[in-house]
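In the two assemblies presented below, chain A is common to both, partnered first by chain B and then by chain C.
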Partner chain A sequence: MLALNIDIVVLFLMALSALWTVMTRSLLRSAIGLALTSAMLTILMFRLHAPLAAVFELSVCSGLISVVFIATISLTQPMSQEKVLQHMKDRLERFWYLPILLILTGIVLSFLNLKFNLILPAPEIEKDPRIVLWNQRPLDLLGQIIMLLTGAFGIVILFREAKKK
Partner chain B sequence: MLSLLILIPLAFLLLMNFLTLKGRRMAFAVVMALSFFQIYAVFCPTIMANRPLHGLASVFDFTLAVDGLSRIMLLCIAIVIFIALLVAAPFVKEEDKRFYFAGLMILELMGLNGVVMVRDIFSMYVFWEVAAAASFILIALQKKRDPLEGAFKYLIFSSVATVFVLSAIAIILLISGDTSFAAIREALRVSPHSFLITLAVGIFLAGLFMKAGVMPFHGYLPDAYASAPAPVSILLAGVVTKTLGVYTAMRIVIDLFGFSASLQSILLCIGLISAIFGALAAMGQKDLKRLLAYSSISQVGYIFLGFGCGTPLGIAAAIFHIFNHTVFKSLLFVNAAAVEDRTGSLDMSRMSGLASRMPVTGTTSVLASLSASGVPPLAGFWSKLFIVLALWQCGHYGVAATAVMASLLTLAYMLLFQRSVFFGTLEKGLEGVVEAGFGLTLPAIILAVLIVGIGLFFPYIVHTVIFPVVSY
Partner chain C sequence: MSAQALTLFWPFCLFIVILFIIGFYCLLVTFNLIRALIGLELLIKAVTLLLVLVGYVTRHEALIQSLVITLIVMEVVIIAVAAGIVLGLHQHNKSLDVRQLRNLKG
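== the complex of A and B ==
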C-alpha cells in the first residue's frame, strides 16, 4: 500500500513538473522542468524494476539533453520585462485548460477501473544488458548508429554555414 | 545477405569521410553506384534469398526478410534516389554541400531499406526515425525561410506521428510480450477483438496516415514538398511518404492486424476523402510544386482505395499504383525542376507556351500527366483500372464511381497545368528560355520510357511482377 502511494506521489509530481514545463514563462525554467519530469520518470522506472531504462532516462533525457538545452538557451538574448509579462499572459491564455484536463482525465480513469490482460515483460533486472543489446537487438543498435550519423550530418550542415555567416 | 543493402551503404558513408577533397567529388557517383547495386540486388536471387551467414560474417546476420512487396519498394527507392541525384547537380552547387547531400542520401537509403526489410515493429520504428530525420535535414538544406518553415512543419507532424506509433508499439508490447512480427501475430490470433488491440490499431494507423500525408492529416505536406529543393521534393513525393506511411500501413495490416470490416471502412473512407479533396485542392493551386503536392495526396488516396478492398486484386492494384505513382510523380517533379531551373519561377500564372522552348520537358510532362490521369495505354491507366475493378468486385459501387470521378478531376487539373505552363503563346520575357540541361532531361526521358514501357508491356509485368506479390 505504501509502495503504491509512493508511486502515485511520484506520478503526481511528474505530471506537475510536465505542466510547469509547458506553462512556465521562461525557456530556462522549461528546460529545468523537463529535467525534473525526466527525473521523476527515472524514479518510476526504477520502482517498476527497469533499472537499465532508468539509467538511460537519467543520463540522456534528464542529464545530457537538459545540458544541451540550457547551453543553447544561454546563447540566446533574454527578453525584455514587458515581453516576458506578455509571453506569460499568452502562455496562460493558451494552456489554461491543461491542468483541468489532467485532473478530469485522472478522475475519469480512476472511476473506470480498467483491467487488461497484459503480458508484462520479465523484469529487466534479470536480463544482462550486453546480451539484450548485442545478441537480441543488434539491428536496433545498427539503427541507432545510423541515427547518430544522421544527427552528426545534420549538425555539420546546419551549424557550419551559421559559423561562416 | 540482405544485410548488405544496409551495410554496404554504411561502409561507403564511413569511407567517404576519409576521402580527400578531390575524392569527395566522387560522392554523387558513389551514391548512384549504390542505387544501381540495389536495383541489381532486387533481381539477384542469391541476395534476396537471405541465407544465414557463417563464421565471422554471422555478426552481421540481422533478422531481415523480403517478399514481393518489399522488393517493389526496394526498387522504387533505388530508382528515385538515382533520379534525385541526377537532378541535384544544378540545384546543389557548392562543393561541400554536394558531399553532405550525397551523405544524407545514403542515410535516407539505409533508413528506407531498413523500414522495408525489418520484421520487428520496434526496429521498424528505429529506421523510420532515421529516414524522417534525414528527410528533415534534406528539406532544410538550403537554409532559407521557406525551406526552414517546411522542415519545421515536417518535424512537428513527424513528431506527433512518432508519439502515436510509439504509443501503439508500447500497447502491442504489453499485449504480445514481444515486438517481432511473428510473436505479435500469434498474440493477436489468441485475442483479436480486445479494446487494447483496437486502440493500438487506431493510433498506429493515425500516425501512419500522418506520415503518408493523406487528408485530413496532410497539413505539412504541401509546404514540405513546395519548399524543399527539387531533388528532395522528388525523394519525398517518390518514396519517403510512400515508404514511411503507405508501405508501413500495408505491412502492419497484412502481416499483423489483418483486414476487418471496420478497418476496411476506415481505409476506404480515408482513401476517398484524399482522392477527391486532394484533386479539388490541386485545381486551385498556382504554384506548380504545390499542385503536384496536392496531386500526391489524391494519388495516395487512390492507393488506400485499392488497399482498403482487402482482396488480392485490390492489394495488387495498390502496390502497382505505388510503383506507377513513384514513376510519374518523380517525372512531374523533374519537369518542375527543369521549369524552375530555366525560368526561375514555379508560378504557373506567369508562364505559358514553354513546350516550344523546352520540347523534351514538355513532351515528358504530357506523358506523366496523362499517366497520372489514368489515360490508356500508359502505366497509370492500368493500376487505376485495377483499383476501380477491385472496388466493383467488392460491391463498393458508389466508391468505384467516385474513384472514376476523382480520375476525371485529375485529368482536369493536369490539363489546366499543361495549358498554363507548356501550351498557348509564349509568355513575354520567356523568349530566351532554352531546354534544360542533360542532368534534367536524361532522368525525364528515363522515367517517360518507364511510363510508356510499363503501359505497353502491362500483361507481362502484371503476371510476372505484380500478381506474384499477393500470392502469399
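== the complex of A and C ==
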C-alpha cells in the first residue's frame, strides 16, 4: 500500500510539473519543467522494473533534450516588452481552460474506475533487455542507426543552408 | 495479471491520460514553435509511461525496455531536427509565431 502511495505522489508531481511546463510564461522555465517531468518519469520507470530505460530517459530526455531546448531558446530573439505584454494576455485567454479540463477529466476517470480483464501472454523468460535488443530485435538497432544518421544529415544540411544565406 | 499490478494499473492510466491531455492541449493552443515541440515531448512521455506500465503488467519488462530505448532514440532525433528547423524559420522570419509563417511557397 505504501508503494502505491509513493507511486501516486510521484505521478501527481509529474502531472504538476507537466502542467507548470505548459502554463508558465517563460520558455526557459518550460524547458526546465520538461526536464523535471522527465526526472519524475525516470523515478516511475525505476519503480516499474525498467532500470535501463530509466537511465536512458534521465540522461537523454532530462539532459540532452533540455540542452537542445535551452540552446534553441537562447539562439532565438527575445520579444520586445510591448509584445510580451500582449502575448501574456493572449496566453491567459488560451490556457486557462487547461486546469479546469484536467480536474474534470480526473474526476470523471476516478469515478469510472474501469476493470480490465485482459487475456495476457505468458511472462517472458528472458529478463535482460540487452539480450532482447541484441539477439531478438536487431532490426530495431538498424532502425536506430538509420534514424541517428538521418538526424545528423538533416542538421548538417539545415545549418549549411543557413550559412550559405 | 497479479493483484499488485491490477491495483497499479488504473491510477497510472488516469495520470497517463492527464499527461496526454496536457501535451495535446499545448500542441493545439500554442502559437509558439518551441512550445509546440514541448507539447510533442509531453505526448511522447505519456506514450513512454504507457509502454513501461504495460511491460510491467504483462511481465515483458525486457522487451518493453528495448522498445522504450528505441523510442527515446527516435525522440532525440525528432527533437534535434525539429529544433534545427525552428532555428532556420527564425532566421527567415525573425519570429517563432506560427501565424507569421505565411511566406511558404510551393
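Simple rule for what comes next: the second predicted complex is superposed on the first by the 156 of 165 C-alpha atoms of A that agree within 3 Å, B and C clash if a C-alpha of one lies under 4 Å from a C-alpha of the other, contacts with A are read in each partner's own complex, and residues count from 1 in each chain.
Criterion: a contact is a pair of C-beta atoms (placed from the backbone, for glycine too) under 8 Å apart; a residue touches a chain by one contact, two chains touch by 3 or more.
Keep in mind it's a predicted model, so treat the numbers as computed, not measured.
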Could you look at A:Thr150 and tell me whether it touches chain B, chain C, both or neither (first, second, both, neither)? both
Name the contact category of A:Ile107: first (chain B only), second (chain C only), both, or neither. neither
A:Ala18 contacts which: chain B (first), chain C (second), both, neither? second
For A:Pro138, is the partner it touches chain B (first), chain C (second), both, or none of the two (neither)? first
Once chain A of both complexes is superposed, is A:Ile8 in touch with chain B (first), chain C (second), both, or neither? second
The chain contacting more residues of chain A, comparing chain B with chain C, is C
Just to be sure I read the superposition right, which of the two partners does A:Leu92 touch: chain B = first, chain C = second, or both, or neither? neither
Touched partner set for A:Val67, first chain B, second chain C, both or neither: neither
Chain B versus chain C as contact partner of A:Leu158, first or second or both or neither: both
Determine where on chain A the residues touched by chain B overlap those touched by chain C, and list them. 116, 118, 120-121, 137, 140, 143-144, 147, 150-151, 154, 158, 161
Residues of chain A touching chain B in the complex: 116-121, 137-140, 142-147, 149-151, 153-154, 156-158, 160-161
Can you tell me which positions in chain B touch chain A when the two form their complex? 6, 10, 13, 59, 62-64, 96-97, 100, 103-104, 107, 110-111, 114, 118, 120, 122-123, 126-127, 129-130, 133-134, 136-137, 140-141, 143, 173-177, 187, 191, 194-196
Chain A contact footprint on chain C (complex, rising order): 1, 6-15, 17-19, 21-23, 25-26, 29-30, 32, 34-35, 37-39, 41-42, 45, 48-49, 52-53, 55-70, 72-81, 83-88, 90-91, 94, 96
Can you list the chain A residues touching chain C in their complex? 4, 7-8, 11-12, 14-15, 18-19, 21-22, 27, 30-31, 34, 37-38, 41, 44-45, 48-50, 52-53, 56-57, 60-61, 64-65, 68-69, 71-73, 75-77, 94-95, 97-98, 101-102, 105-106, 109-110, 113-114, 116, 118, 120-121, 123-124, 126-129, 131-133, 136-137, 140, 143-144, 147-148, 150-151, 154-155, 158-159, 161-162, 165
